[in-house]
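Next come two complexes built around subunit A: one with subunit B, the other with subunit C.
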Partner chain A sequence: MGPGVVLVLLAMYIPVVYTMYLSLTDSNGLDTPRFVGFQNYVTMFSDPSFLVSLMNTAIWVVGTLIIPVGVGLLVAYLSFGLKWAGIFRIPFLIPYALSGVAIGVVFNFILQNGGALSQALAFLHLPGAHTHWLEVAPLNTIVMILASSWQGIGVNALLFIVGLQSIPKEPLEAARIDGANGWRLFTSMIWPLLRPSTTIVVGLSIVNSLKTFDIVETMTQGGPNRVSETLGVTMYTDTFQSSQYGLGAAVAIFLTIVTVAASVLYLRRQLAIGDSSGSGKVTEA
Partner chain B sequence: MISRVARYVVLGILGLLWLLPIYLLLANASKSNAEFSGSQLWTTGNLGAFWGNVVDVFTTTNVPGGLGVSAVYAVVAPVIAVILGACVGFAVIVLKLKHGFTWFFLVFCGTVFPIQMMVIPWFSFSANTGLYDTIVGMIIIYSIVALPFSAFVMRNFFTGISESVFEAAVVDGANVWRIFTRIYLPMSTSALVVVFILQATWVWNDFLLSLILTQTSARPVMPLLNALQSTEGGGPGYTVTLTAALLVSIPTAALFLFTQKFFQKGLALGQY
Partner chain C sequence: MARCRGGDDSSDGRPRRLLIQLIRWLGQQHAQLRRRQGWNYGPLSSAAKKDVDVSLKTSTYSNENQFQAFVKQSLRTPKAPDIFTWHTGAQLEQLVSQGLVADTSSVWKEAVANKWVSPSIEKMFTIKGKQYCVPLEVDYWGMYYNKAIFQKYNLTPPTTWSEMLSDAATLKSHGVVPFYSQDGNPWAFVYYMLIMAGTDLNEYNAINDGKASYTDPQVKSVMDTWLSMLQKGYFSDPGSTTPSQTVFKDGDVAMQPFGTWYPGTLAKVGMKPGSDWGIFPIPAIKAQDGKTPVAVETAPVCVTAKGANKAAALKYSKWLMSPAAQSTWSKAQGILPYNPKAKAANSTLQGFGQQVTDASKYTTYLRYYEAAPAPVLTAALNNFTGFMTSPGDPTKYLQGIQSASSQYWASNK
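Let's turn to the complex of A and B:
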């Protein structure tokens, strides 16, 4: 088994190094790559579609932090301790089982011009019935974040529920007896005690939103005219659609640096869990 | 008391809102192309038309072949990754491999890199070796991608097993292989199942890798589903496409609903 593991390591690390090398060449996938120094990085940072993509990815990160994390916490908090809580959570869990592509197909159907959303708005005499949801930036990015949130809230709610379950009852009871309730109880007791779960949810949300690909590629292919691309889509388009392998590799490296930087804080936490309580959690399963 | 009622009401309204896209999916997957009119998207469909669409998916699109291919990937690659991952965890924690943490850290870093960082060389390599668009090639790639996470979980799991288990087995004269297969693997069934379920779901739902590394014969179901949306050359129409989206979601949805508890345990482990 040892040699197998070494092979896997080679299969991961040689490509990482090779991608670094490619980013310094003018590779187009066919001809022998020629060394061009940091030219690809210069091209990348002066390429308007890359800058738009960078901005969109930032919108994805912020949007994914506000909506799925916020509503996920709301669902977890509202349903926690309720009778039939499991049944009330089902609507939020169903979307989690769907793939990014299936969600893209469904939301394309809802958001296309004259689609289900436009019809509902027209029926209710609300404004927006003639909006071209997927054709105008940054509106298309925002509605795709909503589509992705529709899927992501269930997972976050589950993670917050695990966190709520692990909060000790005594301090909460003591606070209640002292007269704290509702908003006060939440902000001064529950929110601080939930911090381990919040760290995991926020960390996962940031890392996953940085890598956004499936929904955008399925719904708009990054278009029209590359206005809704994310870094993941830009890397794919530059490399495999425009055959600019060197430029694509540079985008991949930029994406990797950002993702790894974002991961550091949250991974520290995860490795810590692995050393102590994490193993206990798996044992219960 | 009132706050309890308010919680039910808010959750209920939010839940109904969340079910609307599912309703639209079901309603329009059960309309025939003839009945389907662009202005009646919110009306209900009927079972007969749904069955007609299912038949259309199976007779007029390439989705059924993709379902078979996806099933092979989603079963074989996670099994390989889980077993290799258990080996890594066992070697690092139980056998106290020299520089074990370094090895583990190297494997673990694989969960941090985005796939974009490795996919160009994988594409070139598979094209040069004839592994491009082959089932074997894709199984190898999926196993590699799934290994780091499975090694991570199995290592954490083995840290929770007392050292005396290993020592007792050695005293009883069992060799390392026997200890691994007869004692440690059976003890960790639950962790192995969690990892398998998470990785099988991930492989089934993968879009990026399959889009880049396959074209026809080894293409799993997600890129095929995406291609149904294309209107160039006359796609199959929205009712059939939505039916296909529903069909490809059934395996993961069923797996998720039946193993929800496992999922909840696995979620805390990250990645998903």
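Let's turn to the complex of A and C:
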């Protein structure tokens, strides 16, 4: 075995196998773990907080597809070809340089009870000054998705711009000569030709939203009373806060399976469409 | 300890439970103790070097969860620290049951004989007849009050629960929030603990030992008392992250229940004991055998059972309880020393300390944060937060905590 294989084994496979093993034990991080079979998985699925966490994660997946991906595409499309497009795009790109934790801290300052947003609304005599943005579900998840979107739009727009630039001009010109403009041009020509970029952006968005952790941990720690937890936060809380390493490992394994399954299903489907050379026919992989 | 929403942001008080010092011995020639926010080990380290020729190198963890994971993972390895800070209660029992912490019975025997520490504190460090770890400090919980506000509305520190509620009603009628409150980790437990222990201390202890249930009628009644106070608007916004010392100084809140470590935090915003703030024992709703229960918390320093510098670590532990060490620590931190022969940093605190250590009138109990096992504590903090943010029928929250408690005690009897 070459050193590369050893490294992959040590860094990738062994932790996964060890986590699978832990998920079948009652490990608390200190005592010798006892084998408990699938008890942690039973506990996990019968815990209402886990089901809330699962639902929140689904909201994150849908929310980050609609907002950062949708708005990113809009920004890219509207700014494409404009003379001062670079200047227009820069404000969207800057937040991407920040870490999720920094975003969480800043938005926590804005959205906390009596925070900057509440003060601004009160000053302007607008409704919502007394809204507890981070304490009411699913409002807290929605505002955290918006905070996350503030960061994510720019990079998605950038990826779409690269996609737009790689579209050959000839078919677009031919379409224009045939009378296609605006919405029609976008839906019939640009959107299908953008598929390689869309595949990457959507694929990354699904994976990133499934493992959402930092922004939730910094803004609400999954609370109040676990109503804004995502699977990533549940895994962390069960493991390190409750010292239920076995249960946390079970959540980790479940999250891994969901993430891998979602990625594989999505990518295989998209690649299958790509193979059909834009015919629009969906072939099952 | 005083860490709240927003992860590691210190929103009030000094960091303690969530900004824990990991103390690692490097032998006697080193003196590399770092100063850090909250706990200032500098003066203590210098004094230890001078008095017992022992010095420390400290490693700091800014996150309680990471710290706990490190200690648990390292104690069986050569990377184990020689001494480390920890918790009493269920968390200490867990380490002791695995033989990972050194027996400090001889150190305690001498300290008790010297009257350096009261036997009631010794009990908190006793597991199956032996003592483990030593206290860096012992803190009693009282109610801090803003003197200017009390003076303005002609209020005096209450001596009974009904007097305290009457003061609260007066304050509320003048638009002043009577009590400081905060949800989440760590403070969501505070009013459950104060009302539960102040009503039925036996039940409070039995629940923490897994021998009674959160769904017992006594607990429901306690939660109803809390609910009625919530509905009367007696508490500050639990979701606010404005530091407690700021709202206290600004006069937005009149009373704050905290341990005797809090004056150091108040000093940082320029509040002086005696003139700006006072402290009174939190009155019992129902006295326990004629005594008022007082919550107590400790900051134990533990010696690793198989540490490389165990002898030096034990020597340091013994010194830590001495009048010299406790006077130094009290001065550095502005807190109450547990050693009655040590000099307290301020007379307000010393008076309070003498008052609540009078065993004929007060009885101590372990603070909930240490008394509840980790998974139960997590569930409790979550459910109490739910209750505080949406005050209503407490039953579902109590059932949520009991579910975690039943699960824990089923496998930890």
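Note that the second predicted complex is superposed on the first by the 255 of 285 C-alpha atoms of A that agree within 3 Å, B and C clash if a C-alpha of one lies under 4 Å from a C-alpha of the other, contacts with A are read in each partner's own complex, and residues count from 1 in each chain.
The rule we apply is simple: contacts are C-beta pairs under 8 Å (C-beta built on N, C-alpha and C of every residue); 3 or more make two chains touch, one makes a residue touch a chain.
All of these numbers come straight from a predicted model, not from anything done at the bench.
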Touch test for A:29: subunit B only (first), subunit C only (second), both, or neither?
both
Identify the partner contact of A:114: answer first if only subunit B is touched, second if only subunit C is, both if each is, neither if none is.
both
Check the residue A:226 against both partner chains and state whether it touches subunit B (first), subunit C (second), both, or neither.
second
Compare subunit B and subunit C by how many residues of subunit A each one touches, and report the one with more.
B
Kindly classify A:237 by the partners it touches after superposition: subunit B alone (first), subunit C alone (second), both, or neither?
second
Under the stated touch criterion, which partner chain does A:97 make contact with: subunit B (first), subunit C (second), both, or neither?
first
Thinking of the overlay built on chain A, is A:105 touched by subunit B (first), by subunit C (second), by both, or by neither?
both
For subunit A, what residues appear in both contact lists, the one with subunit B and the one with subunit C?
29, 101, 104-105, 108, 114, 217-218, 236, 240
Which stretch or stretches of subunit A touch subunit B in the complex?
1-2, 4-5, 8-9, 11-16, 18-19, 22, 29, 71, 74-75, 78-79, 82, 88, 90-102, 104-110, 114-116, 119-120, 123, 150, 153, 155, 158-159, 162, 182, 200, 204, 210-211, 213-214, 217-218, 232, 235-236, 239-240, 245, 248-249, 251-253, 255-256, 259-260, 263, 267, 270, 273-275, 278-285
Where on subunit B is subunit A touching in the complex?
3-4, 7-8, 10-12, 14-16, 18-19, 21-22, 24-25, 28, 38-39, 41-42, 84, 87-88, 91, 103, 106-107, 110, 112-125, 140, 143-144, 147-148, 152-153, 155-157, 159-160, 190-191, 193-194, 201, 204-205, 207-208, 211-212, 222-223, 225-226, 228-229, 238, 241-242, 245-246, 248-249, 252-253, 255-257, 260-272
Per the touch rule, the subunit A residues reaching subunit C in their complex are 26, 28-31, 43, 49, 101, 104-105, 108, 112-114, 132, 134-135, 217-221, 223-227, 236-237, 240-244
Going by the contact rule at the top, pick out the subunit C residues touching subunit A in the complex.
5-7, 9, 65-66, 68-69, 72-73, 75, 94-95, 97-98, 100, 183-185, 237, 239-242, 374-375, 378-379, 382-383, 385-389, 397, 400, 407, 411
